[in-house]
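Structure first, then comments.
Read from first to last, the chains carry the letters A, B, C and D; within each, the first residue is number 1.
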Amino acid sequence: MSDHEDVASTDLESLIGPGAFGYFAGGAGAELTLRDNVEAWSRIALHPRVLVDVSERDLGTTLLGRHRPHPVVVAPMAYQRHAHDVGERGTAAAAAATDSLFVLSSQTTTSPADVADVLGESDRWFQLYVFRDRAISHDLVAQARESGYEALVITVDFPVAGWRERDRRTGFRVEHPIALNPSGPPLTTEQLFAMHDPSLTWDDIGEFADAAGMPVVLKGVLRPDDAERAVDAGAAGIVVSNHGGRQLDTTLAGIDALPPVVDAVGGTVDLLVDGGVTRGWDVAKALALGADAVMVGRHVLWGLARGGAEGAEAVLRQLLAELDSTLALLGCPRAVDLDASYVGRR
Amino acid sequence: MSDHEDVASTDLESLIGPGAFGYFAGGAGAELTLRDNVEAWSRIALHPRVLVDVSERDLGTTLLGRHRPHPVVVAPMAYQRHAHDVGERGTAAAAAATDSLFVLSSQTTTSPADVADVLGESDRWFQLYVFRDRAISHDLVAQARESGYEALVITVDFPVAGWRERDRRTGFRVEHPIALNPSGPPLTTEQLFAMHDPSLTWDDIGEFADAAGMPVVLKGVLRPDDAERAVDAGAAGIVVSNHGGRQLDTTLAGIDALPPVVDAVGGTVDLLVDGGVTRGWDVAKALALGADAVMVGRHVLWGLARGGAEGAEAVLRQLLAELDSTLALLGCPRAVDLDASYVGRR
Amino acid sequence: MSDHEDVASTDLESLIGPGAFGYFAGGAGAELTLRDNVEAWSRIALHPRVLVDVSERDLGTTLLGRHRPHPVVVAPMAYQRHAHDVGERGTAAAAAATDSLFVLSSQTTTSPADVADVLGESDRWFQLYVFRDRAISHDLVAQARESGYEALVITVDFPVAGWRERDRRTGFRVEHPIALNPSGPPLTTEQLFAMHDPSLTWDDIGEFADAAGMPVVLKGVLRPDDAERAVDAGAAGIVVSNHGGRQLDTTLAGIDALPPVVDAVGGTVDLLVDGGVTRGWDVAKALALGADAVMVGRHVLWGLARGGAEGAEAVLRQLLAELDSTLALLGCPRAVDLDASYVGRR
Amino acid sequence: MSDHEDVASTDLESLIGPGAFGYFAGGAGAELTLRDNVEAWSRIALHPRVLVDVSERDLGTTLLGRHRPHPVVVAPMAYQRHAHDVGERGTAAAAAATDSLFVLSSQTTTSPADVADVLGESDRWFQLYVFRDRAISHDLVAQARESGYEALVITVDFPVAGWRERDRRTGFRVEHPIALNPSGPPLTTEQLFAMHDPSLTWDDIGEFADAAGMPVVLKGVLRPDDAERAVDAGAAGIVVSNHGGRQLDTTLAGIDALPPVVDAVGGTVDLLVDGGVTRGWDVAKALALGADAVMVGRHVLWGLARGGAEGAEAVLRQLLAELDSTLALLGCPRAVDLDASYVGRR
């Protein structure tokens, strides 16, 4: 919490300007969910085990059948060149340097191919918004496939724009979103978000999965019944998420939504969770409650804003060091062995 | 909450004067219920559904057998000319412009006929206080009937005045309450409220319903047993309400009182709820918990105070836009389909 | 709460001096119970009933077999001449003027006879501390009996002094406690409280009851098992109390302790509750939860400090007016008809 | 809480310097557990009993088969010469003067023999960290045995260092830790803590117990299953502890962990609890919930920092006086008779 306050403070605003700052830092409505996303982690208490040999720790997990050295995933985030000139290249480089799975946003300000160049052999997924003009989305998928992105993360909680009052106040305009407006004059987020397709349904998911020829992960599921439908629709993974508190205010936190989703579909698909993760012990809690991995967004972005690729990398390194320390102190040297016995309610 | 703080701030006080401001902004006693009315909404979490076609939204509901384009109702509020010179004509014009059902207070500072002129074809109800001098109340009902008011909202939670310390401090005096003191010198609220009949009982309800020749809605019910008696007494609707926190401090919030009332009488009469509504997602929560519509008072009045009819209209338009957005983001395009699965406790 | 803060603020300190202010305002330890005593009332929500004829209200109750016009009792409070020169005469006059039962403290700074003169025909009880030198206590009982005090309120939660850090800081010294040190130099509260008998047991209660020849009320019971023992010991009444938060910090609030006591002995003896009462609706909550009456201490004392007898009377009048208003707004015109259906948890 | 704030305030920082202050005052991560350790006590309400003869109080308890005059134990704390020049000699003298059991840390800055000289006949235990270089630990045990330490408190919650951000900020370096670096240049805590053995398991406990020839107490257990393993491993006692909130942030508080541990192993081994104890009534709550004794760390250390041996002694005397007062006011004159009936949830 204090951490979040800290990184979301005034000097970032002066660093990247009020428009971009408001866009990245802000949430929907009165931002109650934005705050709850962070506080929700602190309502979960850790119950450490003692006298376990923790001289070797293994942070590894498995996502979509591939081994990952650790469960931290860089969340898809739009318009990263508004946080730092280096943009998506910076977070991608940080991901590659830390063996973090990188997820590129459809609303990228750098092309999928250019980001892939930075990533090299490092794993990557591509996040997809389905736009009213579906050709744009299909073209993005084609670009992603060509550049070696291995899964498609379809965001399902953005049929329309969230109610974001900061953007209205600042009049923030986006430059260079390569898919939607590569060369025109800057657009407001309202204009950009109006291009999202509000008629997207379960039927469309299969279509995109087939066309993509890669596994599909659905991002933005909060209800166990929707999780079951996701499994029925052939999803290989689910991101339990409220979109960083940016869509609908007072929506429950991802980590609070996770346990019923685990009860409904745990073990049949990979589960990720996001929202308010700033500490390695948050990651451990997510795993203990049944997640296979955790997406981290703003926390990495503030690193990018402060120090480019190095700044983002430093954030990821600290998070991983904290997770490593947490496994040792929990007496659970292998991340995959975390279970509900390690957590309780505060 | 922040919103409420915002609109109830000092500049409104300087705009309309401390007496009127204290009267409109204030609540009973230490104003714990006044605050709880707003906070109660934030204790309810939203559980959105995804991948529903929300390209078309329908905010419509049905009240007293008539279709309404949306569930937002302008609550009856006294003495509106103290908020702005245009008074009830302003809120009525805002209601008409936004297809909001308008409820005129017995304590109006504009005649029912003049308000009806502004409303034109727009739907309207009339709120009734039963005064010790019942002739005054009967005369008001007659005026309402003549001017096309379609239902009688009898307020049942005002046998005596609430314990309002702000009015005592400011010595606020009311000008032009047309029913009680059309031409005399200004009276204090204490003097005006002393005209209310504290002996009103269930037996009287039928009498007024018969005399009015229109459906009766009882406003101010909080207990399921009283809701059952209201149904037995022939009420067509109930407003679950604590009178905006203005009557008895530490009374439970309307939205907290709603679920037991729904359990007791849901489906047999129309249910409205009020108290602290400032956001479109508050409205969605009320519907999800079983209300058919929501009354909005102070929030509209502050719009009136700031900008007359246009100010009140802007408030209503934002509320409806937020509700529309909420339906899209909840994956529930028709307001009438909201149910308890969309909400939980935070 | 705000109210309490308000009356316990700096100007009272300058009015009566830091020593007396610390003594009266303070509580034990970190004063968590002192605050909780006030907050506990606000955790109880009121559930009003509507359409009841409340044109006539009856605040009456019965205590020790005698009708009382209302349930507000002036609590025994020590050293009142340190709050105002008029001392116990002032609160007694206020009690008489408002038909409030008055309870005189053993630690009075005015003789029982002089207080009785002020009270005239008004009802009075006498509070007894049992001192190591029991002759002092027996003498006090004799004085009380002679001056028409009708019951003996034996305080049972003061075997030793509470841990009061304000008194240590200020070095407050008491003048004129007539029973313990009528003419010597001022003593600290530590010196005075060391005179209490820490060996007092249930066996002693009967002895004092027999000697007094009047009904005995035990003040300071918080546990249902102790309440049962009080009944077995012949007590006619019990005051559920944590001594105003002045004895043992983090002790539960009287109103939170009341329901189990009611379950254990309700109906067999009279039950009073105290601690943090500042509002008429607090009194109504106590009655709804099973109390027969409520003791009010500091709230009356601050009235005394500010305005002597008139100040104390004004406090009592407002409290009674608020209670009257609460009965009307709860739809429960007779105080004795309040029951648990009128309250819930917030 | 206020108390804790008070003692952890700026003047201590200027007294002992920011490095030492940060080391002693700080906790892991965002210090949520550090705060919760103190707040957890205030969530427990006391339920006093009345009319018990409390003229004589007996604070005595039994630890490892030996009678103790009271249940307050001075917790093992590292590097005490950084709090005051007199270092461990000061707290040992305070313990001896107040008949408090003293536990010397492996990370002492004074030799076990020199501390034993100060303690004289007073009871003492020795806390053991198991280092990678086990010879160091075995040598410490030998020194302890020779100097009359009667039990070995093996800390089991320190396989690796906690995530302590204050030390990183201040760059605090430790002088004179006699076991690890008696004569070299000062080391950072990171360097010192890297000497701890992260491979320590249950099997090692028996080895050390056998070598020590004295009873073993395990410090840092929070889970009932670990408590059962401790009993199986032959432990004579358990300290339920989160290491003063210094190891893993958001770990549950010791007092919240105690009841399940009591359910699992109560009566078969001695149970101590620590974390955030600053008041005598905290001690009483621990005993009521099943502890045999309570360790007090920082609270004593701040006394040492402020006033050397006299300062530490004053803290212990006040704590014991508060406990004595609490027993009287709870109506439970013998500490060993405290049980769950005296406590509840606030």
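By definition in this document, contacts are C-beta pairs under 8 Å (C-beta built on N, C-alpha and C of every residue); 3 or more make two chains touch, one makes a residue touch a chain.
Just so we're clear, the structure is a prediction, and the values are computed from it rather than from any experiment.
In terms of the stated touch criterion, subunit B and subunit C have no partners in common.
Counting the residue numbers that touch the partner chain, subunit A and subunit D have less than half of them in common. With centres defined as mean CA coordinates, subunit D is found 42 Å away from subunit A. Distance between subunit B and subunit D, defined via averaged C-alpha coordinates, is recorded as 59 Å.
Looking at subunit B, no residue sits in touch with two or more other chains. Taken as a graph of touching chains, this assembly is arranged as a ring, one closed cycle with exactly two partners per chain. Listing the residues of subunit A that touch subunit D in their complex gives 1-3, 41-42, 44-55, 279-281, 285, 322, 325-326, 328-331, 341, 344, 346. Those residues of subunit C that touch subunit D in the complex are listed here as 29-30, 32, 36, 156-157, 159-163, 197-202, 204-205, 218, 220-223, 225-226, 229, 242, 247-252, 256-257.
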